[in-house]
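Take a look at this one; I'll ask things after.
Chains here go by letter, A, B, C and D, matching the order in which they are written, and residues are numbered from 1 within each.
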Amino acid sequence: MNRVSIAGATGYTGIELLRLLVRHPSVRIVSLTAESHVGRNIAEVAPSLAGYLDHTLVPLDASIGQDCDILFLALPHTASMAHVPELLQGGCRIVDLSADYRLHDSQVYGEWYKTEHQNPELLKESVYGLPELHRSSIGSARLVANPGCYPTGVILAAAPLIQTGWGDADSIVADCKSGVSGAGRKLSQTTQFCEANEGVSAYGLAEHRHAPEIEQEISRLAARDITITFSPHLMPMTRGLLSTVYVNLKQEIDRDRLHEHYEAFYEKEPFVRVLPPGRFANTHFVAGSNFCDIGVQVDTRNRRAIITSAIDNLMKGASSQAVQNMNLMLGLEETVGLDTPPVFP
Amino acid sequence: MNRVSIAGATGYTGIELLRLLVRHPSVRIVSLTAESHVGRNIAEVAPSLAGYLDHTLVPLDASIGQDCDILFLALPHTASMAHVPELLQGGCRIVDLSADYRLHDSQVYGEWYKTEHQNPELLKESVYGLPELHRSSIGSARLVANPGCYPTGVILAAAPLIQTGWGDADSIVADCKSGVSGAGRKLSQTTQFCEANEGVSAYGLAEHRHAPEIEQEISRLAARDITITFSPHLMPMTRGLLSTVYVNLKQEIDRDRLHEHYEAFYEKEPFVRVLPPGRFANTHFVAGSNFCDIGVQVDTRNRRAIITSAIDNLMKGASSQAVQNMNLMLGLEETVGLDTPPVFP
Amino acid sequence: MNRVSIAGATGYTGIELLRLLVRHPSVRIVSLTAESHVGRNIAEVAPSLAGYLDHTLVPLDASIGQDCDILFLALPHTASMAHVPELLQGGCRIVDLSADYRLHDSQVYGEWYKTEHQNPELLKESVYGLPELHRSSIGSARLVANPGCYPTGVILAAAPLIQTGWGDADSIVADCKSGVSGAGRKLSQTTQFCEANEGVSAYGLAEHRHAPEIEQEISRLAARDITITFSPHLMPMTRGLLSTVYVNLKQEIDRDRLHEHYEAFYEKEPFVRVLPPGRFANTHFVAGSNFCDIGVQVDTRNRRAIITSAIDNLMKGASSQAVQNMNLMLGLEETVGLDTPPVFP
Amino acid sequence: MNRVSIAGATGYTGIELLRLLVRHPSVRIVSLTAESHVGRNIAEVAPSLAGYLDHTLVPLDASIGQDCDILFLALPHTASMAHVPELLQGGCRIVDLSADYRLHDSQVYGEWYKTEHQNPELLKESVYGLPELHRSSIGSARLVANPGCYPTGVILAAAPLIQTGWGDADSIVADCKSGVSGAGRKLSQTTQFCEANEGVSAYGLAEHRHAPEIEQEISRLAARDITITFSPHLMPMTRGLLSTVYVNLKQEIDRDRLHEHYEAFYEKEPFVRVLPPGRFANTHFVAGSNFCDIGVQVDTRNRRAIITSAIDNLMKGASSQAVQNMNLMLGLEETVGLDTPPVFP
């Protein structure tokens, strides 16, 4: 049995991790931290888990890194960074769900997160935890930076087009629609029910921190520096993230040919489902699962590909992808504990 | 491996059954019927299941009953009844999710369902599939009538009070709030998004067909004929069923004593969670699971117990309870395939 | 032109008052207060009102009461009470949307609100602002206590039954379902989108502060002291309040006779619509309006009336009822500024 | 008093028209048609309007066109076309909410609507009813084609950029997010509550019929033939339409300069609100009103403008825009009956 712990266990990604880990056959949950609930039982703070867990919440300290094999960090951005070196020294391996180790360039990190990175050397070591692109590196990594929800959806949608060079990487526009849980469990005006319900809004247009992460991975695929337009939107629903990705085509390619290419590209991926031609992605059909559904369309009048991808932002966009990374790190079957169908309706 | 089939596989309860059965370790899915989709692949009609199933939908005929050990009937009320005798003759055992075999008295059936029962003799044989009350009979049954969603929530809430005689069974008022999926997948004006969203309404007050089912079971517990007031309401959400059950107390009992009694009553039940004193049931914390959460309160000023119960209407209110019944019928561990925590948020 | 001001203009009831008052033909808006937004423009805090108002938010002080004819207090319970005497001295008349002046008995106030009332003498003077019951007193009142949302729905549903003596006032159970806006605009865990969405929960059973208010008015109608069972529930929608009120009948009365009585009782009321026999109340059909829709049913098997009422909790349950009271106080036509149909869908 | 009638009065746009017209000071409602409800009272089919209207629904025939001054056609696409000539002959003027008279080129109509236009000559006469672009023509028109919801939002967002020539009209990508009411009141699987709730999906990518309508108007502004990429998406909410419009800039323009231009462009428009710099459009703040809110942003790294516009699809996207057109046609103040603030929350 592998020992796993979670720092930040009472946020939405922490609770989702627990939902997956309590029935994962190869792990045992050791410690759960939550600064604001120290001393309380996890089931009090997350009543959905009553009957599954009886852990008392503890503060995050160095010992956490000594008592487990895999440590999930579900802490806020910039808060995660400070703890990682000490925790790694304890001997554990880390899956960090924050953004702190996703960007390999500390200067880019500084620009977008408005703070200097405290461990730039670890940025070189950390692996970007998107298994579809970095599977083998993840397996041997000590520190895996779990991708953001938006980057997961956008990169998986765009990668096949960019890798072949069919799509013009400089033309990418990613228009993304996220459920409210993407904003986390902390209180805010924007995420109050009456503010978010029955309304759709844009936010962070051209300024959102997930842009550089997408650009890092797209640039790697394009083998040159790329910037993209990335537009997040808030949807009146709890879970789900739909990305509509626009890419100008450098040559005429029809939908069916593009579809074949996507099917071939993701043929061996257990968690990417390329939809039949003519179908577009719908977050409803991936809810509660680790799937990314991808729909392929070509706007032939404008020679532009329109790729839609749907994920559950708390799952493939966060917690289940973290478990997928853990499976790879532990040498387990990649799908263990993740083989549950989406919940519909 | 036990062979299972589903008649009516493309409705919400059918799809939910499939979600559970595809990862149930002791069953193999044989046939899926759906009259309106014969010849289509199940994953076309239920895209959430793509990658899990590759069955072609077939029409319902007698052969279905010959090729499986357990047959789930997820057919509309009054449609189910006609098929059962022939299907049983095929040798299978049946879990019927319709209402057709829940009432033991064919006259009561006739009054509430406005049609004569075609197999009154089978009404004597069929077992009401609420494991918490009829566990042993279910194990050996050939025909299990899976309870309605409302009755499941109301009976589990009221049973401990009635069994002791502390509550006045004649005073029961059950005010229930259901998500829209309880109405099934068929098209109707009432369940169109814009009609159901952002609105709460009552329907079928004092006239809903789930009343006699509740009364049958409460009468059995009270050992005399009981009628109750049952009021269903439609909520703007997909899943979830909250029952608020009011029962006059025949004697003074405080909340803590009543709470202890509920805990004792359900102590050994794997799927009933009695909430800590002071907490009321919330459908959010049971979504996607087979749990029934129960909250206990006493209105001392009016000497009235107020019991709240929360279930997922598609799960404990339908499909997962059907799997629980199947497990009992097959002599499996009751919790197999059902041990997944609720999905929150 | 009558001068009106609002203290607490940036909460949901304040914004809703402004929506109504900006197009009310007989008033001019003078001052808007909001402690946490002093110095900001109202349209920044309430962007829906951009183009209609250009007021800078000011702090609440005694001068507010001198510069207007009618002052609406949309402040939290127990905060309102302190300001009222001084404000009245300024010469204005007050419609208080808080609970502070609704209960005529300061001891009852102290028990339920856990604080001593600071102006018990004003409790004698204040008028309970439910026009259907207290129209004439409201007209001449200096201080009107605008009813709570739950009491409005419950009292209007029960009044015709209690007044005749047909219903047993001691048996009243009021099971109420409210949209989230009833909790106001302040941040809280419970009202975060992901906590409230897709879930239904009970809260404050047998302990909610709206109970004594209902009891005060029902006792008056019954001409003796009555206690009731009152159960609030939180619904996943923004607006709307459905009350299902159960009352045992002292004699056999069929639905049609009861319906006739309700129609007669509310015949002259401009804002109460008694639904045709066989129809139950639905919050959808009153949203955005000052209407209270009432549906009448009798559970003949249990000799119990089931009355459903639907209001928009921010309108008839708060702001539009406050305007209705203002109209009465100013001697205007009662329906001025309130004659807009509900918004459907 | 001007006499107005509605053909197709019981759909969502018909009901919304009625909500506006019953309190419009200059009109009297004459006839309401609804083929599937002939003989029923409008308030039975639209209970929100009970107390405001007492009309019996009649079938659509030629006489309707004789008895009114303005006739609103709220009929399905391709159904409207057949009736118009005869109705016009009756002497009325028509606001057609269907798509049948929006495209001036009958060949384009044929291509996108898959049917030959029956009155191509009327396509020359009809005026595209977007007051912000065609105000004067609307005033004198006999037949006004009320714009589609998507075109309204997209054209208003893009017009200022295209008119100046700052934006590259060939690069337009319009990613639109609509509430479910845009699909109308007819039954469909897609718009059932449980299918649409808690999910976001794309549909009709590169194939939606609103594209040619947008292209017609953008081409006019650009003074050459333009095609655009238009992507509709379905949101889990009843009302609201957010358009995110991407346009490559032909020159460097910063956000503040672009913002000034938008403010100047719409300075005299009563129903367009250009948001302060740094704010993006949110459908919540226009719900229930005739406003179009526009947010201006520039993605300087990619030299691309990102314009967001928010409308209520049933209002500025349909019924209130139709009333705005009616006001112009009747020579009334353009804002009469439309001067109500948005409903928030």
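As a working rule, a contact is a pair of C-beta atoms (placed from the backbone, for glycine too) under 8 Å apart; a residue touches a chain by one contact, two chains touch by 3 or more.
The structure displayed is predicted, hence computed values, not measured ones.
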Farthest chain (mean CA position) relative to chain A: C
Whole-Å gap between the CA centroids of chain A and chain C: 45
Euclidean distance of C-alpha centroids - chain A vs chain B, Å: 36
Numbers and ranges of chain C residues touching at least 2 other chains: 12, 181, 194-195, 197-198, 236-239, 282, 284-285, 287, 345
Chain contact topology (line, ring, star, complete or other): complete
Residues of chain C touching chain B in the complex: 173, 175, 177, 179, 194-195, 197-203, 205-206, 227-229, 231, 233, 235-240, 242, 244, 246, 280-285, 287, 295, 297-302, 304, 306, 308, 310, 345
Residue ranges of chain A touching chain C (in the complex, touch as defined): 12, 180-181, 185, 187-189, 191-198, 236-238
Chain A-facing residues of chain B, complex: 12, 15, 18-19, 22-23, 46-52, 181, 198, 238-239, 273, 275, 279, 282, 284-289, 291, 293, 314, 339-345
